[in-house]
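Structures incoming, each one as structure tokens.
In the two assemblies presented below, chain A is common to both, partnered first by chain B and then by chain C.
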Partner chain A sequence: MTPSDEPELEHEAAELVRPYVITNGRELPDDSDLSLITLVTVHQNPPRTKPLDPEKLRVMELCSGGFLSVAEIAGHTRLPVGVAKILVSDLTEEGHLCTRAPIPSAQLVDRQILEEVLNGLQARFG
Partner chain B sequence: MTPYFQDPALWGLIAGTPVAAAAIIQSRKKIAELRKEKGELKQRYATLEDHYAEAVEEAKDRAEEATKNTLKAAMRTLQGLASEQQLAISKMQETYGERQFLQDLLDIDHMNSQFARRAQSIAVLCDGWLGRRRTAASLYDVVRSAKGRIRHFTRVEIRSQSNFAIVSRAVEPVALTLAELLDNATSYSAPETMIEINIRPVPKGVCIVVDDAGVGMNEEEKAKAAELLSGEGSRGVSSLGNPPQFGFTVIGVLAARYGFSVSVDSTSPYGGVRAVVLLPDDLLTSLHEPEESPAVAVSAPMPPEENPSGYPAPARAPAPAPTPAPAAPATTAGGLPKRRRRGAISIVPAETERAQDPARDSARTASAMGAFQRGTQSGRRSTNASSEGHEAQ
Partner chain C sequence: MGSRLALDDGVYLRNSVQTAAKILVVGHFAVGKTTFIGTMSEIPPLRTEEVMTQAGAGIDDLKGVPGKTTTTVAMDFGRLTLSEKLVLYLFGTPGQQRFVQVWEDMTRGALGALVLVDPERLADSFPVMDLVEQYGIPYAIGVNRFDGTPAHSVEEIREALDLLPETPVVTCDVRDQRSSADSLIVLVRYLQSRLN
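== the complex of A and B ==
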């Protein structure tokens, strides 16, 4: 091969910037801190910092329209979910984003109360 | 006089002189012959020596060529494998992205990148294959890619971003050059010190400045480095020294081949080495899609609901009157959480330019939120005004 030869177009190349560089070697956050359905939005008064990485900027853009779940952020940025979580937790710590725990699922009402209500209704209208 | 005639010594002398003269003449002849022979021998020796040196040089060249070819083929296989492995790792990261072992995958990815870089460096010395073709990439991403190819990458801090991008053919060479410089910088400085990268536009192009807080180099080392970096000092794989020193030789070859320059002759503000890579204008370009980082753009066709250019989808008209999302979870009288419409969640603002400045970003956010609120208010007013009694969401 002569020096003027160009790299060949054989297969697709993997991403130039690897995910561990995007996270800068940070550990994955605990699942308890951020779940797939934790909602995220931009902070009202973001701090003035040095320019954000393109990936973080993308997350900010995505979240600027309202609340977005962690799963959706990962989907739109096409990053592995864990990597998206690291970015979100980074941005939250820096004060760019705020997260909100998902709405708790409806608690099952005590069966006894339901039965009493039913009995009461039947006694009155039945 | 007469008595002398009786002297036998005289007769002896008379008889002896011609004999002696003849002997002298003969020996002189012999000496001359010998001298001539000696000269001839010397000449023959010299020719032989020349031939010998030539033969040795030829053998050395042949050996070098053979080594290069062998290594080139071997490295090509290794590079191909590393590249395949990288793709496989990428897919696994996507698949198992939410599991805890993503961490291990990221580590494996890191090791694989270092391995690929080694193979690439050797390939460069053998005039071999540099790797799969890349699309043009932003300078920032190329620097980050280089950062990912060394062991202690978390010690590298990129202090500035830039709007420049690198043309497709120079992406890998520049990334590899920077990776070799960063490898040197991390190897020759204390583990707790940082390595700083700054990107500076200059009249002739762009400079990438790498500063370390290491031990620096003495004049002799600097001279040797400058020779290697100019691309003239390299004599191939067999002259790398023991232990072999790849870095500057690889950089020298790449710089000469792709037309950029690298110098390490200045001192960093921290007392270590300051390495400067000067990329001329013809290796620079600008990206057509500045808001898409190539890391995303390469692998990521946007979801179908977004427009194919890769820009964030333009803000859709807000739904008639969605409740603004940030509110405490409301509950019904029976204590059940109220289901709220979340139609507006994935609205993203239309932005044609990447916002570099967080302050600008926040201003945009504020205006987007303001517009959103005005929309919902006007929506509510119009629904209230109509007496049709439609359900106002």
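== the complex of A and C ==
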């Protein structure tokens, strides 16, 4: 057991004001359905636009290799989740990225998914 | 695209994956959440941070106010591709009451939670169990076996944690993949039983 590897070591982080500059001070739209596990990749036919901001370009480069979840995009880019969500939301709206939305939570606890999870765990580790 | 941030193939999901599911691994500080996720994940566990601002404080308030501080909360997570179509994410979630913002995000769409407890520090688990129950997340208890700790009986733990009779309690060694997988299987079977 290595307590030092536990994640919730909170710290005062005045320097993290900067990420909000990346998003121009905006927040995620209220109607956004992006979640931590929304799967994202680059759009097959991206629009021609003016050059992207460096942070958006980083997200695009990362996503060019295949599907990743929003949480993984935040993890690999080291952007706070809230900032990564805003960038992904923007890039999706602009047609650069496309998402595979997670199934709505109402249907999530559904027999089929639990069965698939159970079967998968048993096949791999049983 | 010049310098590439795109990573090795193993980092990405298979193109066939259609569905992402989420299970939370919760528990008090140093109970073994990160180890559990590292044991189970097919990718090196990733860490994300969420910036917590004071309640009611707008984002704009942070601009140009050098003295103002915010707190970051880190979460570790891992990934398990379970079939051609399905990927499961495991999120390690801090259990402190003041992180409710993070909890709202984390719990949305979660199948359920595995609550890791240390048999020698059962009382430390009360706040996180309050949160799990408050958010209505079905859960199983995973008793992490620490080296050299005397074994408590499942009945003693059940009584100390004031569990419902149907709540599963499973002992696990978070360093061991088979043992950790078994605790997830117990949780998923319990989630299935609740649908019947």
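Quick notes on this one:
Just so it is clear, the second predicted complex is superposed on the first by the 81 of 126 C-alpha atoms of A that agree within 3 Å, B and C clash if a C-alpha of one lies under 4 Å from a C-alpha of the other, contacts with A are read in each partner's own complex, and residues count from 1 in each chain.
Here is the rule we go by: a contact is a pair of C-beta atoms (placed from the backbone, for glycine too) under 8 Å apart; a residue touches a chain by one contact, two chains touch by 3 or more.
Note that this is a predicted model, so its numbers are computed, not measured.
In the superposed model, A:Asn45 lies in contact with chain B only, and not with chain C. Look at A:Pro54: by the touch rule set out above, it reaches chain B but stays clear of chain C.
In the superposition on chain A, contact of A:Val81 is made with both chain B and chain C. Once the two complexes are overlaid on the shared chain, A:His96 sits against chain B while remaining clear of chain C.
In the superposition on chain A, A:Glu116 makes contact with chain C only, while chain B stays out of contact range. Shared contact residues of chain A, touching chain B in one structure and chain C in the other: 1-3, 5-14, 16-17, 19-20, 25, 27, 36, 57-58, 60-62, 64-68, 72, 74-78, 80-82, 84, 103-104, 109. Contact residues of chain C toward chain A in the complex are 1, 3-7, 9, 11-15, 17-22, 29-30, 32-35, 43, 46-51, 59-60, 62-63, 66-77, 79-80, 82-83, 85-89, 91-92, 94, 96, 99, 105-106, 108-109, 111-112, 146-147, 177-178, 181-182, 184-185, 188-189, 191-192, 195.
For chain B in complex with chain A, the touching residues are 72, 83-84, 86-87, 89-90, 93-94, 96-100, 102-103, 106-107, 109-110, 113, 127-134, 137-138, 140-142, 144-145, 147-148, 153-154, 159, 161, 169, 171-172, 175, 257, 291, 293-296, 298-300, 302-303, 312, 315, 325-326, 329, 334-337, 342, 344-349, 351, 354-359, 361-362, 364-365, 368, 372.
Chain A contributes residues 1-3, 5-14, 16-17, 19-20, 25-27, 35-39, 57-58, 60-62, 64-69, 71-72, 74-78, 80-82, 84, 100, 102-105, 108-109, 111, 113-126 to its touches with chain C in the complex. Across the complex, chain A meets chain B through its residues 1-3, 5-25, 27-28, 36, 41-42, 45-52, 54-55, 57-58, 60-62, 64-68, 72, 74-84, 96, 103-104, 106-107, 109.
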